[in-house]
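Heads up, the next two complexes both have chain A, just with different partners, chain B and then chain C.
So, the complex of A and B:
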């Protein structure tokens, strides 16, 4: 059983608390990504699951078994490290077979499993090479092969694509997703790249400062972020934030420049709020256009052409916001612009608690 | 772009051919100095070989080629004296101490490099501080201890001071620190115990350092003189340097025998050097030391 249940987990190094009150329930066969900025504790959490660090408090269960005191080799897990951790003095074949040899498995079984892993990962031609003779992507596949042959309940990946160039990263991402579909094994995957998290995960745990800020599906995190941090972290380009205050009616927010925006929720009047708007939810509208949508006015500060679309940086109510528009618009610097958006596309957060107002 | 990129490389062969046609004065000076240095280094060795082939009548002549070359000195050294036993003793001492130093120093170096435990810095400093104590200061305590324990005139007495070294521990610690922790963790997940991780994963990765240490320790013990001279009085327990020194007495020095013995004694050193030349050079570069 590849179910992973974590409850009340905490980890301190000396007096420094790096993880606190972590609770996570990973279903059998699920692909869960731990994502967050550097130093948020995601790799420490993975190492705790692997048994490479001891928990200060809390419980880790793999299947029905509490594994807090179980050594890594007996946890029925396999880990792919950030730098692959391939044994440089051994051939690819010996690297892949190493764990099985250490366990004293029969030679025929080892050979069969190595051959199968090599076939799935297209490593057949590389089996007699050493890691130093392989490219980054090939090393990555060997590291996955080494984990695969152990046939574990859970795969743990610690930023496995971070050393690859953008093209190879994209390719390996697709391969990993395919591999997960083929094997159906539970995967816990650490990355700081939200795009990687969004494309790979069944569910994502967004971490900050040793805590899980939100745990949910990629769509849930994107469309209903629980707080300002998640809202700003998930999505590329990042969400725009505008400071505002709720009017007496509770359904309209007043921006710093006096502009009014209808809110999709009713908020306590006078409350200081932060309005979040995805760049994709903004569109350029002409001065007389009737869109039935909310409007923001500002001046163009910068155009970043991306090919099929462009990012416009517009100064609205004294703050810069980014708007994604199709094509490359012919606009002069400092041109006055009107941006339209549907009120239901607004995300409203309490400025003080940073939590979503729903 | 391509054209621009190819231009500098086209200039390289021209530069090389110029260098071949007219060597720079600095290079000539360097080669001359190195050649002179080489001659100075090789001369004693050549003179030792020449003297070992001379008979007693011409032993004090400075010629590098004997007028009547003879192998008598070799026959006498290998046949009549305790030379074969001394050779065996030296080989045993050098081999056992080398094996022991490689095992224990690398084990301790690994522990100091990769494990965090209470008192680790103090242990390391204590080991380092042994490097500052010269052998001459230690031989008296060693002798007192050996005498008290009954180790004089035994192999154990010859061996024990060299079974572990502070230098080797320090050297190996530095090298093990360069082994990524991820490999050790991968070993733990793969099911190895800590000893197996050291033996099967980390040790092969510090091969160059082990080779360098092996060469230093072997040569150091092969040529060791002071402690073997003190630790053994029985001629059968002599090591080669002590045995060779016994050819020289207050009244007479058998130069022919000494030179023949020294020539034979140099053989293992030469074999080690020829076989492991690249490791010696790499070892010197790695350790920043000279043999």
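So, the complex of A and C:
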């Protein structure tokens, strides 16, 4: 059973607390991504699951079994390391077979499993090469093959694509997703790249400062971020934030320049809030447009053409906000602009607690 | 000094050669010229002051017909074989375990390294004293204390060579340990982590991961240590008072060369012996490099 249950997990190195009160429930066959900035503890959490580090407190369960004191080899997991950890002096075949040989499996079984992994990962032609003779993507596949033959109940991936160039990364992402669908094995995957997390995961755990900030599906994280950190971390280009204060009515926010924005929620009046707006939810509106939608006005600071779309940086109420528009608009520098948005598209956060108000 | 018209790379090369010139001249005068001269000398008869008389292969024929040469050659190879196996084995075992120790690591490493930087003659004399009979010698005192018979050590044709080899090994392993430690440190931790996840036991990790990845270190140490043991001289000279005895049982080839050249003043014959030693060193080094330095 590839179910992983973590509760109350904490880890300290010396006096340094790097993980605290981690709770995570990964379902059998699920693809879960741990994402966060460097130093957030995501790799440490993976190493704790693998058994390469010992937990200071809390419990890790794989299937029904508590594995805190189980050595890595008996946890029924396989791990793909960031730098692949392929043994440079062994052929691809011997690398893939290493775990099976260590377990003393019969020769025929080893050969059959290596052949099967090589077939799935298209490594047949490379079996007798050394890792040094392979490209980054091929090494990546060998590392996966080495994990695959063990038939683990959980795969652990530690930033496996970070050593690849952008194009290959995109390709490997697709292959990983396909592989997950083929094998159906539970995967816990660590990355600092939110795009990788969004495209691969069934569910994402966003981590910061040794804690899980939010755990949910990519759509959930994108459309209902639980706090300012998750809101700013997930989505590219990043969400715009505007400081505002709630009017007496509780349904209108007043920006620094006096402009009013209708709120999708009722907030306590006088509360200092931060309004989040995704660049995709903003659009350019002409002077004669209908007045039902909310408006922001400002001046154009910069245009970044991306080809099919452009990113406009607009200064609104003394704050820079980014807006994504189709094509490449012909606009003069410092031109006055009006940006329209649907009130439902606003994300409202308490400025003090940074939590979402809803 | 350097014409400005030359290209940047040419000027850079010129400067490099300017700096290299002094050591090159020095090396050629004091190393290369005598080496070549020794080779030429090996075909002559010369008593260091008179004229050199060309005598063809006489020196070599005499050498190969000299039973002392074969004894000395055998001794030299015992120094090499036993010294290499014991020192490399000990050094690796110490380094392997020292690598896992954090507490007192630096102190222990320094402790192992001290014999390497100690004067060979001083150490040889201390060890000579250790090997003396009761009540002077430490080792015999210990043997007697635990009820074992005394050993002749340096006075026995069977034991003397190994008694001399011991301090040489002891002095040599300090260096080998430090190099092994550096080699072990250079093996990335993730290989061991991957092996731990794969369920490899300590012996499998040692033989399938650590040692193969340590191959460049092993090659380097094997070649340098082999050369050192083939050229052993100082410990033998100091511990046998220059005799290589008893009955030539500890005499290595370098001591024979020394005697031939500077006791008997048979420079041509001594030169022939150095040429043979050189060829042995060359052959063994090349063989080791070939056998062990195959690309991983």
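Here is the rule we go by: the second predicted complex is superposed on the first by the 357 of 358 C-alpha atoms of A that agree within 3 Å, B and C clash if a C-alpha of one lies under 4 Å from a C-alpha of the other, contacts with A are read in each partner's own complex, and residues count from 1 in each chain.
As a working rule, contacts are C-beta pairs under 8 Å (C-beta built on N, C-alpha and C of every residue); 3 or more make two chains touch, one makes a residue touch a chain.
Computed from a prediction, not measured in an experiment: that's the story for all the values here.
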(request) Could you classify chain B and chain C on chain A, in the superposed arrangement, as clash or fit? (result) clash
(request) Mind working out whether A:332 is in touch with chain B, chain C, both or neither, as first, second, both or neither? (result) neither
(request) Check the residue A:77 against both partner chains and state whether it touches chain B (first), chain C (second), both, or neither. (result) both
(message) So in the superposed three-chain picture, is A:166 touching just chain B, just chain C, both, or none of them (first/second/both/neither)?
(response) neither
(request) Return first, second, both or neither, reflecting whether A:16 touches chain B, chain C, both chains, or no partner chain. (result) neither
(request) Mind working out whether A:248 is in touch with chain B, chain C, both or neither, as first, second, both or neither? (result) neither
(message) From the superposed pair, tell me which chain A residues show up as contacts to chain B and also as contacts to chain C.
(response) 50-52, 71-73, 77-79, 81, 83, 85, 87-89, 98-99, 102-103
(message) Under the stated contact criterion, what part of chain B meets chain A in this complex?
(response) 180, 182-183, 185-186, 188-192, 196, 201, 204-205, 207
(request) Over in the complex, which chain A residues touch chain C? Could you list them? (result) 50-52, 71-74, 77-79, 81, 83, 85, 87-90, 98-99, 102-103, 130, 146, 150
(message) Under the stated contact criterion, what part of chain C meets chain A in this complex?
(response) 188, 190-191, 193-201, 204, 208-209, 212-213, 215, 296
(request) Over in the complex, which chain A residues touch chain B? Could you list them? (result) 50-52, 71-73, 77-79, 81-83, 85, 87-89, 98-99, 102-103
